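Okay, structure first, notes after.
Labels for the chains are A, B, C and D, by order of writing; each one numbers its residues from 1.
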Amino acid sequence: MSEIKRIGIITSGGDAPGMNAAIRAVTRSAVTEGLEVYAFYRGFAGILDKEFRKFSFSDVGGIMERGGTILRTARVPEFKLPEIRSKAAQNLKELGIDVLVIIGGEGSLTGGKLLSEEHGIPVIGIPGSIDNDISFTDMCIGVDTCLNTCVEAMQKLKDTASSHERAFVVEVMGRGSGYIALASGIAVGAEAVIIPENPVDFKAIAERIWEERQRGKINSIIVVAEGAASAYTVSRHLENRIGFETRITILGHVQRGGAPSAFDRLLAARMGHEAVKAILEKDFGVMTSLSRSNMARVPIEKVLSEKKELDMDLLKLSKILS
Amino acid sequence: MSEIKRIGIITSGGDAPGMNAAIRAVTRSAVTEGLEVYAFYRGFAGILDKEFRKFSFSDVGGIMERGGTILRTARVPEFKLPEIRSKAAQNLKELGIDVLVIIGGEGSLTGGKLLSEEHGIPVIGIPGSIDNDISFTDMCIGVDTCLNTCVEAMQKLKDTASSHERAFVVEVMGRGSGYIALASGIAVGAEAVIIPENPVDFKAIAERIWEERQRGKINSIIVVAEGAASAYTVSRHLENRIGFETRITILGHVQRGGAPSAFDRLLAARMGHEAVKAILEKDFGVMTSLSRSNMARVPIEKVLSEKKELDMDLLKLSKILS
Amino acid sequence: MSEIKRIGIITSGGDAPGMNAAIRAVTRSAVTEGLEVYAFYRGFAGILDKEFRKFSFSDVGGIMERGGTILRTARVPEFKLPEIRSKAAQNLKELGIDVLVIIGGEGSLTGGKLLSEEHGIPVIGIPGSIDNDISFTDMCIGVDTCLNTCVEAMQKLKDTASSHERAFVVEVMGRGSGYIALASGIAVGAEAVIIPENPVDFKAIAERIWEERQRGKINSIIVVAEGAASAYTVSRHLENRIGFETRITILGHVQRGGAPSAFDRLLAARMGHEAVKAILEKDFGVMTSLSRSNMARVPIEKVLSEKKELDMDLLKLSKILS
Amino acid sequence: MSEIKRIGIITSGGDAPGMNAAIRAVTRSAVTEGLEVYAFYRGFAGILDKEFRKFSFSDVGGIMERGGTILRTARVPEFKLPEIRSKAAQNLKELGIDVLVIIGGEGSLTGGKLLSEEHGIPVIGIPGSIDNDISFTDMCIGVDTCLNTCVEAMQKLKDTASSHERAFVVEVMGRGSGYIALASGIAVGAEAVIIPENPVDFKAIAERIWEERQRGKINSIIVVAEGAASAYTVSRHLENRIGFETRITILGHVQRGGAPSAFDRLLAARMGHEAVKAILEKDFGVMTSLSRSNMARVPIEKVLSEKKELDMDLLKLSKILS
């Protein structure tokens, strides 16, 4: 392969705080190395529609602190069709894109892997997802900010929960993963955490809440991952058993927004820079990874071959500490 | 009436951030003046159950910054019965309470007014309610913090809304009042605000969202006051009309928690102190009030006689500015 | 005077959070009414240099939540010279500016008053200043956000102060006014507040800190307004008297930044809209004002004729409650 | 050694947000396992003075979210004297403390190591320090919260910096380490970061600021680690060279306070629990460690034998990205 001159960049799948910081880092590192940066809008959709802009150093000024992604994002289900991917590859080639940087989660990395395998498009992945469900990296961009948002909201609930004799049910995101629910539940001392990785036992939860009331604890918070149940379902089940009112909070997309935390900004800056280093070394098909505080790279194929397991010790911990 | 020696204090109704700061200010001001402070738990319920503690200066240390109320609160529907109020008055007399300070909203003030009229219990009211529905005061304790919580959450939604092509529906509190919805909607530039004071026109809202999409605006936020409709109802109505997905956020009791804002702390400190000044001057039956940045007092009867009107100019403003 | 077609707008003096929200409200209200908006950069300097941009409805999108001012600001000392003001007036006339909206503090309003008196330029003022030193309005844009910033920082200090046996000195802004120091001092229960309006008595402060230590209170915070003394001076004086270490925090311009609070956004929205209403009614030479939760207008001349007095009851309150 | 029945716990050295969450986790995990917990106040000083309290499960309720440490902390320089350590060891033995859990930084771990070596007191370390200067763990408790505090403050500075033509100098903590300065500098895109690990070149910094002004960038932020220079020194040097005003912010102990971030709460919970696991396994003389998202243990001796090196790639990154 000849010299790399022009890179493409997309954010894809669910947005995550820190994606803008990653866009900035990729762009500035690339421009500093003399590369051209073509930024496509709405993920793979922008490649299909040839909706893009050339980014200079200053085009990414003032975006690091903003949640969401200035490139927007979209889920593009039709990307599962080979002919659609073929079209995308053709567009990238026509535009002279030598390598595509993909910031996103598992689905986005899978799209990249297929583009690469089927059409020889070199890709680099950067893990951005609030769900923390990508393996072979200590953290994904966005998880830390999302957890802070959840914990701040739940901490406010605790204030008011202590003033009443009620139980509160909070529904958080995470798709198939219970990580956000579990980590935020531990961080606020929730009475119970309901996650997809573990069968829910409403009887046990109701008993626990009752016992804690006897012990004098009055602020009961139950965290439920969207992948396990809805807040309404949990609320109905519990009210029937505990005999007093529950109240519901559904944070929804609030969890995807907000200025990224220091951790996510730093992680995004480092990963964006690492992606450009990989490009210069022509080390393609890899995802940037945080490993023991250092930057590393893992073949995307390896990342996709293994499901990130939830550390079930955390579930035990959540029960002991609350 | 002889000299005042002992005051009672309760927080009642829905809790509001800043109630603790008010408890602290009443206690410290009273103790400084040589008065005794009996703090009753769970509002009028604690008077009925004689569940109280004598508070010293240091008992209220470190509480100002905490949301909720350390005295807890409860709605006591049976307080509508004369015989229950009679029991409460008797308890207060037995305990030698010379005057009762009530921190709460309209219902709580009504309870106090009746105690006073029927049994000659002197009362002082301090307006604490996130709903901002108490008349004759520029602000109630808790409104400012609640608005900040709503605005922060909605601002995060805007980040992510700008990344997607979706509309977001946020349900906020306010009971019969649309103030929180309207004020927070203006503060984040929401596309539409649905409040109980104004009939909802789903067709007009859907058209507006469509027009704005045409104009290129992509982050649509619709705020709905719980008193007007539920987020679900609004979501269903809009999806049918606009033809794309909506997402829901229900903040719930998160709005009642959180460290109080500077404004609420200062307001609570001033009102708590003013309540004690009123006690020393034997100016009973009044509610402390913020009027043009100054402390004032208004007869509770006058407060209860007039419904606080929502400034409908704000509704116009919300339409012009977004 | 003929019909109003074109308005100018500047932010001037020290920046304050919420100025952007005011710019947005003026622009959108004016454009909605068919007026043209010329936004000048760096306050009066931009008028002198004819550095401006015509603002459309969408030019002020996404700015409400940002601290500072997108129009920048500058102090322009030479505006005290009549010939410089004459030049500014000439530029405004050449550009066909029918009325100038000035968002700023006392100095900026004075500049506007002179432009009006000397050259017949109609002006409207909007009070924006973190110092809360403008009379005839219950609040200025920016004060609320600034107080929240101060209080959050001081609250963090209290955490750590409780862990050590030290006293902490925090220097806050306010120019000639002690309002920020006093209001934030009350809101965190500071042991002492040193303000320009009241002579400092280091001996009394040191004695108080000593007494509180005896009583067991270990987290001493002393707030000092920049107009009264520097943190270093206070620190040196106290260390000599109390015999243990003090630590210093100087918040500096951190106090001017940050996303505006809900209160400041709403205030700015209302004032910006009110300014345009005044323009349409040709009610010139007035400042928009918050009065008992309502919008009002006050002649700028009246505003400038009276110094805003600090409510000295607050000083007493700060002593009683801590 | 016989069965473990009673553990001691201290927080020592500089306080860090999350220490309370660690105290809670150690206590609750230990009590759950049937152990007694003796909590000593003010670090080693409390052992010397036998100032302690027995902690039950509920004694550590409601502390996780609070900054600082409820056990207080102190630097005890005399602990360098063998006879003082001897006295501490004797007290621990008299009180029947079977193992001592030390939450703190390098100095505290050194104290623990000596107690162990000289007097056979089993110890377990938990790394708590905002400076991130402890080796063999990916993160210390407190670093994440401290970084968020710094980044939030600096972000506010950027707002106002964009409104003026000034440069801002921010002094942050870190003792001998430049980590906080560097990480927060990257996270806000600071123009320059001055750290003890790298000689400062004021000429180069001044030139850079000048160049960026030419390029149109107007918000210059210079971060300086306390271990490298003071904000005043930096300010004076720069003003002489750049010819315009600088403004100073000294965050001071604000950096040590604040509710701990989700990350720090989770880390503290896990490390506290791991410490108790180590105790039950009689795996003494180790420090709990975060390694690739998992809990691990490292001999304290090994931790102390190696200085944590600052990743100098971060310095390069800070220059490329701003």
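Operating definition for what follows: contacts are C-beta pairs under 8 Å (C-beta built on N, C-alpha and C of every residue); 3 or more make two chains touch, one makes a residue touch a chain.
Owing to the predicted nature of the structure, the values given are computational and were not obtained by experimental measurement.
Looking at the partners of subunit A and subunit D together, they share no chain. The set of chains touching subunit C and also touching subunit D is empty. The chain with its Cα centroid farthest from the Cα centroid of subunit C is A. Spacing of subunit B relative to subunit D, judged by their CA centroids, is 39 angstrom.
Centroids built from CA atoms put subunit C at 28 Å from subunit B.
In terms of their C-alpha centroids, the spacing between subunit A and subunit B amounts to 36 Å.
In subunit B, 155, 158 are the positions where the chain touches two or more neighbouring chains simultaneously. Per the contact rule defined earlier, chains pair up in contact as A-B, A-D, B-C, C-D. Listed in rising order, the residues of subunit C touching subunit D in the complex are 11, 15, 17, 66-69, 72-74, 149, 153, 155-165, 168, 218, 247-258. In the complex of the two chains, the subunit D residues touching subunit A come out as 24-25, 28-29, 32, 58, 61, 64-65, 138-139, 144, 147-148, 150-151, 155, 158, 183-184, 186-189, 215-217, 259, 261-263, 265-266, 269-270, 273, 291-295, 311, 313-314, 317, 320-321.
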